[in-house]
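Below, chain A partners chain B and then partners chain C, in two separate complexes.
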Partner chain A sequence: MNMRLLWLGLLAVVLIVAPFFTYPVTLMTILCFVIFACSFNLLLGYTGLLCFGHAMFFGGAAYITGHILKTTHVSLELALLGGVGAASLLGLLVGWISLRRSGIQFAMITFAIAQFIYFIMLQMPFTGGEDGMQGIPRTKLFGIIDASTSFEYYYVVLAIAALSVALFYRIVHSPFGEILRAIRDNEPRVESLGFKPEHYKLLAFVLSAGLAGLAGGLKATVYQFATLADVSFPISSEVILMTLLGGLGTLTGPMVGAGLIILLNDYLSSFGEWALITQGIILLIVIIFFRRGLVGELNALRRKMRTKASPKAPASAEFASRSPGA
Partner chain B sequence: MFDMISPQLVFGQLLIGLINGSFYAMLSMGLAIIFGLMNVVNFAHGAQYMLGAFTAWVLLNYLGVSYWPALIIVPIVVAFFGIMLERLVLKPLQNLDHLYGLLATYAVALIVEGLVRQKYGSTGLPYGSPIPGGVNLGFMFLPYYRLWVVVFSIVTCLGTWLLIEHTKLGAYLRAANERPDIVESFGINVPRMVTLTYGLGVGLAALSGVLAAPVYQVSPSMGSSIMIVIFAVVVIGGMGSIIGAIATGYMLGILEALTKVVYPAGASTVIFVFMILALIIRPNGLFAGTGKS
Partner chain C sequence: MTSTSDDLADYALTARGLTKQFGGFAAVNNVDLSIRRGSIHALIGPNGAGKTTCFNLLTKTLAPTRGTIIFEGRNITNLRAADVARLGLVRSFQISATFAHLTALENVRVALQSQYGKSFQFWRSLDAVAPLNRRAEELLERVGLANARHLAASDLSYGKKRALEIATTLALEPQVMLLDEPTAGMGHEDIEPITDLIREAAQGRTILIVEHNLSVVSTLCDRITVLQHGELLTEGTYREVSSNPDVISAYMGGVDEL
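Let's turn to the complex of A and B:
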């Protein structure tokens, strides 16, 4: 436990001094995607639901937060909350419709609904269509704290990201989180114990949508614009890759994955199509060879070394085989 | 409001709807066949369709092979690629959660589309019609090639449906999905049958791609954009129901076209609205009962 506190302290120091050494916008992008990856991990890693269109919450909230900031003069946190609220509401609606089917069909339905949202955003006048929404102002936080330069704003984003990760940790380690994991591993058993899995899944979906909305809204304030790219499928697919690469159902894995993929995108941005091709290759390699992801494999390795004598390591987060058509 | 709409417009759009519906039906059918036997949602289906169109274009422009031989060669070539994919990627994943199959085929689609775009660019490439000309029906002009597409797709869909639902081979396929152990005890090589079925599904996608080349422009994104609709079609029709996929495919093509006549702005979203309504009213699919749940 002390070891863990030490690591946490070290991480905090690194994060606080980081903008002195690197470009703050890249760091903020990573932090936004850390929140986004946590929201996705809550669904796929802890509940076993593959949302194949998580960009609808991310991009939808980016537009809403941007629109609030552009048209009103409310303080920053209210605009972000507006985005979170809108994303949660959308999550409630989409969850209510798509949770009627499970497993693979749930994935396909969320995929199709996300495209529907994309087309709506394309046609809505307030989003600016193909041109996107430009010139989103960064208003004062709580009406008093001015953090308009990127360097200052980094600390705002860092604080929000830290709070989001703490919230994610709380959700996952609460009794509610325990039930989500039980649903992932054996839904009929949970039902037979008298719980209503559909209610828990819907709540998890709404929470995840809200958290994704926070990530999207935050990104809109970082870049000061929101575009169709934020609601489009590549964002949905990136978050899947981040989560799988880092380690499905591990606490830190998806955050590590988010950092790696953003850095990779940055590095490959001048190589045209190779960024997407590389993403595809990484995803394929992860799925075929190490489904536990980087952090998951590392944990498994550590566990193996620690329990050399004891006969069996605990189960991993990797999905068990389910009955066909589930 | 309806008296302003000319019959030319309505019939013209109906034809477009029927054409789009032909492709929706053929692709959804392939997806349903693959899902029915393997429980894999083949996300690469769109990429394989695109690959079919591109292979036809490459054959024509580099080797001078015309449309008609391409209609036979291309599906075989692309099906071979599919068979390798099944052996190398899908087979190791078959005992895991089905989500991995979806994600793996998605990764393949990403790679294939990216490579094609890297090589040929994003703009559409033209492919001349092999049957130029058309006939004036009085109320509209009907290009011969479009007529060929509709007839060919209906024949292909019906033929494939008959093959799977009404022949001994089809019976084996369906039985292998339910109880592979028992089918295997009859001396049938189930893994090989699974591979060949995937090849059949991929071949159908490539065949649709060749058929589509003269209608739409040959472009790297043609696959991913049609996949969005195909997913909706399969969800509406009920997963794994072949006849459901075919019927829903044609129906949605026509629905989309008629929406274009009545309310043009809604044409791109009508299919999704329909899907959402269908999910609320009939959560198990419009044609549920014929397939597996």
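Let's turn to the complex of A and C:
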């Protein structure tokens, strides 16, 4: 437990001093995708639902947050909340439709609706179509905190990301989260114990959509523009890649995956198409050799060493649901 | 088994004219079944007799094509599995139905949560359900899993998984427990503890069990219903049923067909 606090403290220090050494916009992008990866992990890792169109919540909220800021100039947190609210509502609707099916059919329904949302965003006049929504103003937070430079704004984004991760942690480790994990492991059994699984899955879907909306809205305020790329399929697939790379069903894996993918994209961006090819190769390597993902493999290694040290120590679950430290 | 209204009061679970058709094939055909309150009742029959289908109909996992199911005087034919579970009719599964990545304690606590009313609280920590831990530990102790409470269900042996499943089912304090082949795939050394556990769990409740192992049925069950080709063959005590020539030929016939 103390070890964990130590690591958290160390991480906090690194995050606080990071913008002195690295380009803050890259860091903020990572933080946005950390939130996005958490929202996706809540569904795939902790409920067992593969959403194939998560970009609709991310990009949809980016437009809504941007539109609110451009037209009303309300303080920043209200615009972000507007994006979260819109994404949650969309999540309620999409979940209500798609959760009637499960597995691959569920994935395909979410994919189809996401394509539909993409088309709507392309056609709607307020999004700017192919040109995207430009010049989104970054208003003051709570009407008082001015964070107009990227350096200052990094700390706002960091605070929001920390709160989001804390919320994600809380959801996973709540009475509700316990039922979600049970549904992931064996849905018919949950039903036989007197629960209606679809209600739990719908709430998880809405929470996930809201969190994804926060990530998208935040990204729109970081770059001060929102584009069709934010609602497009590559965003939906990238978050799947982040989750698999970091470790499906681990608490921290998808966040680590988000950081790696963004850094990699950043690094490879000068190579154009090669970025995509490299991503593909990495995915293949992970699927073939590191099925548990980076964090998953690390957890497994740690467990192995611990059991070696004390043969009587119990091996814990493969899903790191109880050992969120890693 | 003619049923007058007096009779009905003695039965926890009754089915009348239960039929399930898959396409043109009737897996269960016009079966009448009455489970006396407080008894351990077995449903047996050769392979393909429709036991599991019949079981799935009674537990609402499948919807019947025709027929009615009455549980404690209430028509449950059109209710869902989750609804009948809340009424006190809870099933187990043939394939061990634990939550693999949850600990033994969490497995039982999930079941306890179903009547605790906090299962939608995503903003509370697990402290909110900590009051359930004591009851969960009692249940684990009762099935001999006190030392395994922090082990993931996937790390338990096969026999212990079944015991955990029974603890989870008992957590709902069901009036009627429906057990689907509780000793399937078990070695000798595991069967006895499980049958003891079932006998103990039967105190004050009714149990319907689908079982292949006839020696388990003979020692455990008060009453036995035999199905063949989806239809009711006979019903009675083990002694009656086992000496019934139709039953003998049904089982022998089953072997011949193989």
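Just so it is clear, the second predicted complex is superposed on the first by the 308 of 326 C-alpha atoms of A that agree within 3 Å, B and C clash if a C-alpha of one lies under 4 Å from a C-alpha of the other, contacts with A are read in each partner's own complex, and residues count from 1 in each chain.
Just so we're on the same page, a residue touches a chain if its C-beta (ideal position, glycine included) is under 8 Å from a C-beta of that chain, and two chains touch if they have at least 3 such contacts.
Everything quoted here is computed from the prediction, not taken from an experiment.
Novice: Quick check on the superposed pair: does A:Lys196 touch chain B, chain C, both, or neither? Answer first, second, both or neither.
Specialist: Once the two structures are laid over each other on A, A:Lys196 reaches chain C alone.
Novice: One more residue to check, A:Leu284. First (chain B), second (chain C), both or neither?
Specialist: A:Leu284 sits against chain B, while chain C stays out of touch.
Novice: Between chain B (first) and chain C (second), which does A:Tyr223 come into contact with in this model arrangement: first, second, both, or neither?
Specialist: Touch status of A:Tyr223: no partner.
Novice: Which holds for A:Gln105: it touches chain B only (first), chain C only (second), both, or neither?
Specialist: first
Novice: Have a look at where A:Ile97 lands relative to chain B and chain C in the superposition and call it first, second, both or neither.
Specialist: In the superposed model, A:Ile97 contacts chain B only, not chain C.
Novice: By the touch definition at the top of the document, which applies to A:Tyr155: first (chain B), second (chain C), both, or neither?
Specialist: It touches nothing on chain B or chain C.
Novice: Would you check which partner chain A:Phe119 touches, where first means chain B only, second means chain C only, and both and neither mean what they say?
Specialist: First partner only.
Novice: Which chain, chain B or chain C, is in touch with more residues of chain A?
Specialist: Higher number of touched chain A residues: B.
Novice: Which residues form the common part of the chain A surface touched by chain B and by chain C?
Specialist: Chain A residues touching both partners: 318-319, 321-322.
Novice: Mind pulling up the chain A residues that touch chain C in the complex?
Specialist: On the chain A side, the touching residues are 170-171, 173-179, 181-182, 184-186, 188-196, 199-200, 203, 207, 249, 314-319, 321-322.
Novice: Going by the contact rule set out above, which residues of chain A touch chain B in the complex?
Specialist: 50, 52, 97-98, 100-101, 103-105, 107-109, 111-113, 115-116, 119-120, 123, 233, 237, 240, 244, 272-274, 276-277, 279-281, 283-284, 287-288, 291, 318-322, 324-326
Novice: Under the touch definition given earlier, write down the residues of chain C that touch chain A in their complex.
Specialist: The contact residues of chain C facing chain A are 59, 61, 80-83, 85-86, 90-91, 93, 97-103, 106-107, 109-111, 113-116, 118-126, 128-129, 150-152, 154-155, 168, 172.
Novice: List the residues on chain B that touch chain A in their complex, please.
Specialist: Answer in residue numbers: 39, 41, 89, 92-93, 95-100, 102-104, 106-111, 113-115, 117-118, 177, 224, 228, 231-232, 234-235, 239-240, 265, 268-269, 272-273, 275-276, 279-280, 283, 292-293.
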